[in-house]
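Going by the order they are written in, the chains are A, B, C and D; count residues from 1 in each one.
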Amino acid sequence: MARINVKAVEKKIMETPIPAVKRVALAYSGGLDSTLAVELLRRKFNVADKNIIPINVDVGQGKEDQDKAKDNAKILKIKPVWLDARKEFTEQWLGKAIRANSNYNGYPCSTSMTRQLIARIVAQEARKRGCDAVMEGSTGKGNDQYRMHNTFMTFAPELTVLCPVRDFDLGRAEEEAICKAWGVPVDEMISGGDDKTMWCRSIASGAVDLNQELPAKIWIWLVPPEKARKRPEYVDIEFVEGLPVRLNGKELALDKLVEKLNFIAGRNGIGRIDMFEDGIMGLKSREIYEAPAAHVILKLHSDLEQACITSQEIQFKKGVDAKWAQMVYGGEWYHPLKDALDAFVASTQKVVNGKYKVKLYKGNIEIVKRELPTSLFSPEIRSIKAGGFDQRWSHDAAKVRGIRFEILAKRKQVMRKLKRGKK
Amino acid sequence: MARINVKAVEKKIMETPIPAVKRVALAYSGGLDSTLAVELLRRKFNVADKNIIPINVDVGQGKEDQDKAKDNAKILKIKPVWLDARKEFTEQWLGKAIRANSNYNGYPCSTSMTRQLIARIVAQEARKRGCDAVMEGSTGKGNDQYRMHNTFMTFAPELTVLCPVRDFDLGRAEEEAICKAWGVPVDEMISGGDDKTMWCRSIASGAVDLNQELPAKIWIWLVPPEKARKRPEYVDIEFVEGLPVRLNGKELALDKLVEKLNFIAGRNGIGRIDMFEDGIMGLKSREIYEAPAAHVILKLHSDLEQACITSQEIQFKKGVDAKWAQMVYGGEWYHPLKDALDAFVASTQKVVNGKYKVKLYKGNIEIVKRELPTSLFSPEIRSIKAGGFDQRWSHDAAKVRGIRFEILAKRKQVMRKLKRGKK
Amino acid sequence: MARINVKAVEKKIMETPIPAVKRVALAYSGGLDSTLAVELLRRKFNVADKNIIPINVDVGQGKEDQDKAKDNAKILKIKPVWLDARKEFTEQWLGKAIRANSNYNGYPCSTSMTRQLIARIVAQEARKRGCDAVMEGSTGKGNDQYRMHNTFMTFAPELTVLCPVRDFDLGRAEEEAICKAWGVPVDEMISGGDDKTMWCRSIASGAVDLNQELPAKIWIWLVPPEKARKRPEYVDIEFVEGLPVRLNGKELALDKLVEKLNFIAGRNGIGRIDMFEDGIMGLKSREIYEAPAAHVILKLHSDLEQACITSQEIQFKKGVDAKWAQMVYGGEWYHPLKDALDAFVASTQKVVNGKYKVKLYKGNIEIVKRELPTSLFSPEIRSIKAGGFDQRWSHDAAKVRGIRFEILAKRKQVMRKLKRGKK
Amino acid sequence: MARINVKAVEKKIMETPIPAVKRVALAYSGGLDSTLAVELLRRKFNVADKNIIPINVDVGQGKEDQDKAKDNAKILKIKPVWLDARKEFTEQWLGKAIRANSNYNGYPCSTSMTRQLIARIVAQEARKRGCDAVMEGSTGKGNDQYRMHNTFMTFAPELTVLCPVRDFDLGRAEEEAICKAWGVPVDEMISGGDDKTMWCRSIASGAVDLNQELPAKIWIWLVPPEKARKRPEYVDIEFVEGLPVRLNGKELALDKLVEKLNFIAGRNGIGRIDMFEDGIMGLKSREIYEAPAAHVILKLHSDLEQACITSQEIQFKKGVDAKWAQMVYGGEWYHPLKDALDAFVASTQKVVNGKYKVKLYKGNIEIVKRELPTSLFSPEIRSIKAGGFDQRWSHDAAKVRGIRFEILAKRKQVMRKLKRGKK
């Protein structure tokens, strides 16, 4: 990596024209981008400390991240507003994601949700606290800037949006250099682009090259299959109306259930994702994620839907779910189409109930038992079939269904005849 | 199981009214249904032996099945027409299935294809050989009757279709009993409803109950993960225009490649499917399949598409692929919509090229290396990105993209105002 | 038309085997099929008069039809149960149809709805009144048999379904002949297959040949454009949440509004439909309908949606609306997928408000004025645009949006190079 | 309108930083934007006259526009390259549009196509002639900038794109003022934003306010219904493989046929469009178009498809056609997904053949005769139906189709029972 010329970076920052702002609410995670942002507000935007309002939103990123945020706040001499949104995240966001089989080409939407949740809270706080601007630390290469911008526009369209890393065109190394020069804490441990939610951890956000191997130490939940436990582990999960509510017989709030299951599934080699992702701007990146609990829950939810909802719903819901994931990934959680998709999905989930016993073993999730009292395949339901169905009915049914093909065959003859006639 | 009263079954058969036929082409696999069919043509339909034309179509069901077909032909004293359609099946059918990511809710369409291929050949032979009817052995509970009927109507709409097991309402046990009474060979080994193609083996076709455990001995390719090899096995596969053409460095015809890969992937615990399936008549069944090669090939094809085709193609192709699978499963291979879907798919595959190294280990397929010269993520392509993209462009791009949300926010205010106005 | 041999028809009826039934609820419209049905219950099914429960459901077919039903009841000496479902039809069914732009390839679903509503009421009455069977008069060639059967299965799956015209294989002329012979009233005026609801009148149901001209006298509301009023007529219509609530300034219940508008739009030449329709069995028929009010309302509703809901909703809702129409046409009103589609649609309609002035003139519907306070195009909303948007933003926005094409161009170069390399 | 301060506009232009370019190919239509562009190249970009390469592409905009382009060239003292793309436009573009029922929420894509065709030709000429930049005259508020930019990136990604009206932030009045000051011809007749192709004429591009009435004089082809001919006019049109090939018995190339039909249909009051359109940037505008021939051709093509292609194709093609229109409107003609959609569409059109007689009368298009030898409804085809179909088949077909509803009914009972159990 080239040596950074701190003076040049400072010059670039100082020469970039900026809008005038007086009081700024800042999305503060405690990571590099947001700590630098605080100092930029002081040095470049000339905002007095009493008018810098850092907002920290806990969406389940974990104790380690939150402790770091607190430590860095002390060093920076700021007093962030600490807000806990974990309950809302689990109940209002994650539940919808599970019911929609949340899957953007293999990625279980997570950061894509939390950024929008954080942006909404920051926007609302900003208005409440009399700010004229909001600030956040996204780069100009990724998806988060769009997610946050859309949400700011939704909840505080009158405020100025500041996005300094992007708008001063700062690279990662430049940020680190300028932070060191300015005495802003730089934590080497929080690597560039990682983002963790309880549902899925994103690793190195798009910075992985095509044939870079994944070292075993990058995982926090996952034990790779080869090193995972040698004996299978059995887990019981119960779903009510499309959501997991009970783990190994114990009723648990969704966040607790996910937390436990990440641990259990992770130690059995489950949850690795290595994929190509189409970013909002249309560029592809290779992305690495780990999401042990999400793997288990989404696989079972999908199996359960195939048992409980009709074939026609399954086929149509594929398109609804795909659009849902596209929109949420694309920063459109608060778009009215997304609400309409949610209404569709909710309407299908009342009957999605069942108990599973699964065997977890070195990366495999094998369903060993299903209890599905309200499925369309339960013994109660099938008795009707055994009782009433006579295979001879199918004689005429096949004939009626085949008429279309008879007509098509007849048309082929007509077309052949017409062709011959022309010659 | 209740004892079968052979006399009663004979009576049922003899009393059922039938259409008059003179010369009948019969889809002959050598299994129970088709051997019984031969004898029914003799005893019930009064067709002379010279007018019974059994047609055996080899679609890759394997030596064991074909040997049995030959043995039974001798016992029945018939001389089937033996036709080899393996090349057509691989080149004209399987290739299309791979490119369309052939997946009917988790099932890689296979028997659904071969039945239609067989029906087409039988219909064409029937016309060529002056028959006035075609016969096939489907039951009235399954999907195959529709698949074959549609295809018969497409290629020989003027012929009478005979489907005796269904139309005489025979159960499996009744079939066996009547065969024994009539001296027709009954092979205990070929269990009810199994069907094997090179691409996917269907086990016990829908007769598996909800919580029946799957004994290890039911698999022919698969070694369950716990008993699979202890060391990972590495495999190289190369795709050209969406199709695998090379295995471990050796160019292979698709059927040979699939055959080898079934063996290799199977011994590494890959290929088990346990799912709910929506049959053509709308009934759900639990289905068990094994398809080791299909698992590997479809996973890689899909990964390759995500790297090589555009985001918009990926999203739209989801719907095309889902429809493709629905139609092929539903017995509509020869429907013009299916042709149009094929045309769409073919148009996307020219750029789907790449080499993979995958690690197979106890049920896991891990991609360890990709060479993707024509992907949209290749280093050659990305150089353009590095060279040209300036993150500051995103400032205005985010603003333009966010205008929609600004307008929606404004509308919310208007609606609130109107509401207040009404009060 | 060939002369009908009444004796032969009677013989055919008497020889057809039937299920034993004791007490039968009958969908009674007073038309040919249902009056014949009453007599068949007496003569063929041997049901005593006290066990024949004719149910007449008023869904807005109009006074003429209902009077005829009463007259024929007297002649037949039956006392039907008279039930008024007009309110339910308008509020629960028609409203949903309007919001979903109800359009099955050009046909505004109507009879497809009423048949299912009637079948539900008949099934419920049958259970309440201790019947063991339901009877209805559909033929075996059309769509209604499926619509009614599905609904019977939904609300009274345990009852036997009798469908005599179909199951005795009676043609129209045979029905008339046997009615005359048996003293059942045959009303020449009610022509074969016509069906009228307040929303759309179906004319001669599929019996129109390809090049048959449409005589002017077939219409009841419509005055063909050439003969329509010479001066334009202006109409004001107001929509609230996707539904028309006010006509020419007067608040009206939906059925009254539709009734008035049929009259006004009809005399201005609006409402003729001449189209090919894909029946449930996959056969095409040429269908003639008249639906003046539906034309005006659906055109305005669609215009209003384009003004009030987002582009993304409009695009996705196309697919939802198309599926809605397919399902309702196909007799699947009570299918859970249909409910989920309704939930989607309902979620989009809160903002669909506006007032229209339209000019009706000889078949043309011209919008001359729109007041759209909650549209995304209202002056209130656009002020934001004028205020904030700077066309220079588009410079970078276009660049970012165009990157995808730059990458595709680069790939083309790579592919060309690879090709050359191979040679 | 406020008086324009020419000095201020000149200052704005002169102070805006620009990229250095040497030789520039310019899309030259002869309208205000492109004539101003020539002068900007001279005065602001300092490009010598020999390095200004104006390219005029004839896509059927008509003699009047082309004459004006020539006159203005003389005044400007430039010698444009005159290229005729009418044949390509008709054969390669318009044909595809017709087959795809080209309809973007009511608008028959036209300018959206020609801009991309022009941009491709300009890009190719630019490379051939050694330019380092391309220039075009779009504003920053509309769709054309994206259409042209995408195409430039596709065919000449290495060239600089100049878009001066947008990048100097010039309003219409400013453009006129500066032109007058600089001696650039300003033609008052060509009103702001009009764009004419043979297929559809766009009027005042989005500048129409919500309740602005449309004066009769804005139309060039259309005579409003009230003033249109008093007698109906009959027209014969024949389609082969989805395209109109014969008008009133005479074989015509597509451009000639469209030209004639615009005249005929226009004088009968056909072709007015007044709609809300979702622009590429997500803003809605009210748009006025006239497209008489397009109305007739698209209506007949759609009727013909309903007669000739299967129900399943019709349903799926709706989604394909909608996506096609979205992409073409959105400037993605050269996107690989668009190619794949074309492949789908082409595959469906072989059978789309037929002759129509239509009555045109004061805005109405009434089909009075259809000859459809290869439709699925031709008498030849229907003979099969009459011959073979027995309505009694439907008895069992309805039962089989209804099983799904029986199972759903059963499930409802189970759910009710479970609910009661819980209480």
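By our rule, a contact is a pair of C-beta atoms (placed from the backbone, for glycine too) under 8 Å apart; a residue touches a chain by one contact, two chains touch by 3 or more.
Note that the structure is a prediction, hence the values are computed from the model and not measured.
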Number of steps on the shortest touching-chain route linking subunit B and subunit D: 1
Which of A-B and A-D has more C-beta pairs touching across its chains: A-B
Distance in whole angstrom between the CA centres of subunit A and subunit D is 38
Rounded to a whole Å, what is the gap between the Cα centroids of subunit A and subunit C? 42
Whole-Å distance, subunit A centre to subunit B centre, using C-alpha means? 33
Give the residues of subunit D touching no fewer than two other chains, as numbers and ranges. 157, 281-283, 310-311, 319, 335-336, 351, 376, 378, 384-385, 389, 392-395, 397, 399-401, 403-404, 406-408, 410
So in the complex, which bits of subunit C are touching subunit D? 105-106, 139-141, 145-146, 149-155, 157, 163, 166-167, 169, 210-211, 213, 225-226, 232, 269, 272, 274-278, 281-286, 303, 306-307, 310-311, 314-315, 318-319, 322, 326, 334-336, 361-364, 366-372, 375-379, 385, 389-395, 397-399, 401-406, 408-410
Show which residues of subunit C lie in contact with subunit A when the two form their complex. 157, 281-283, 309-310, 312-313, 316-317, 319, 323, 327, 332, 335-337, 339-348, 351, 384, 400-401, 403-404, 407
Please name which positions on subunit C make contact with subunit B in the complex. 310-311, 351, 373-374, 376, 378, 380-381, 384-385, 388-389, 392-397, 399-401, 403-404, 406-408, 410-411, 414-415, 418
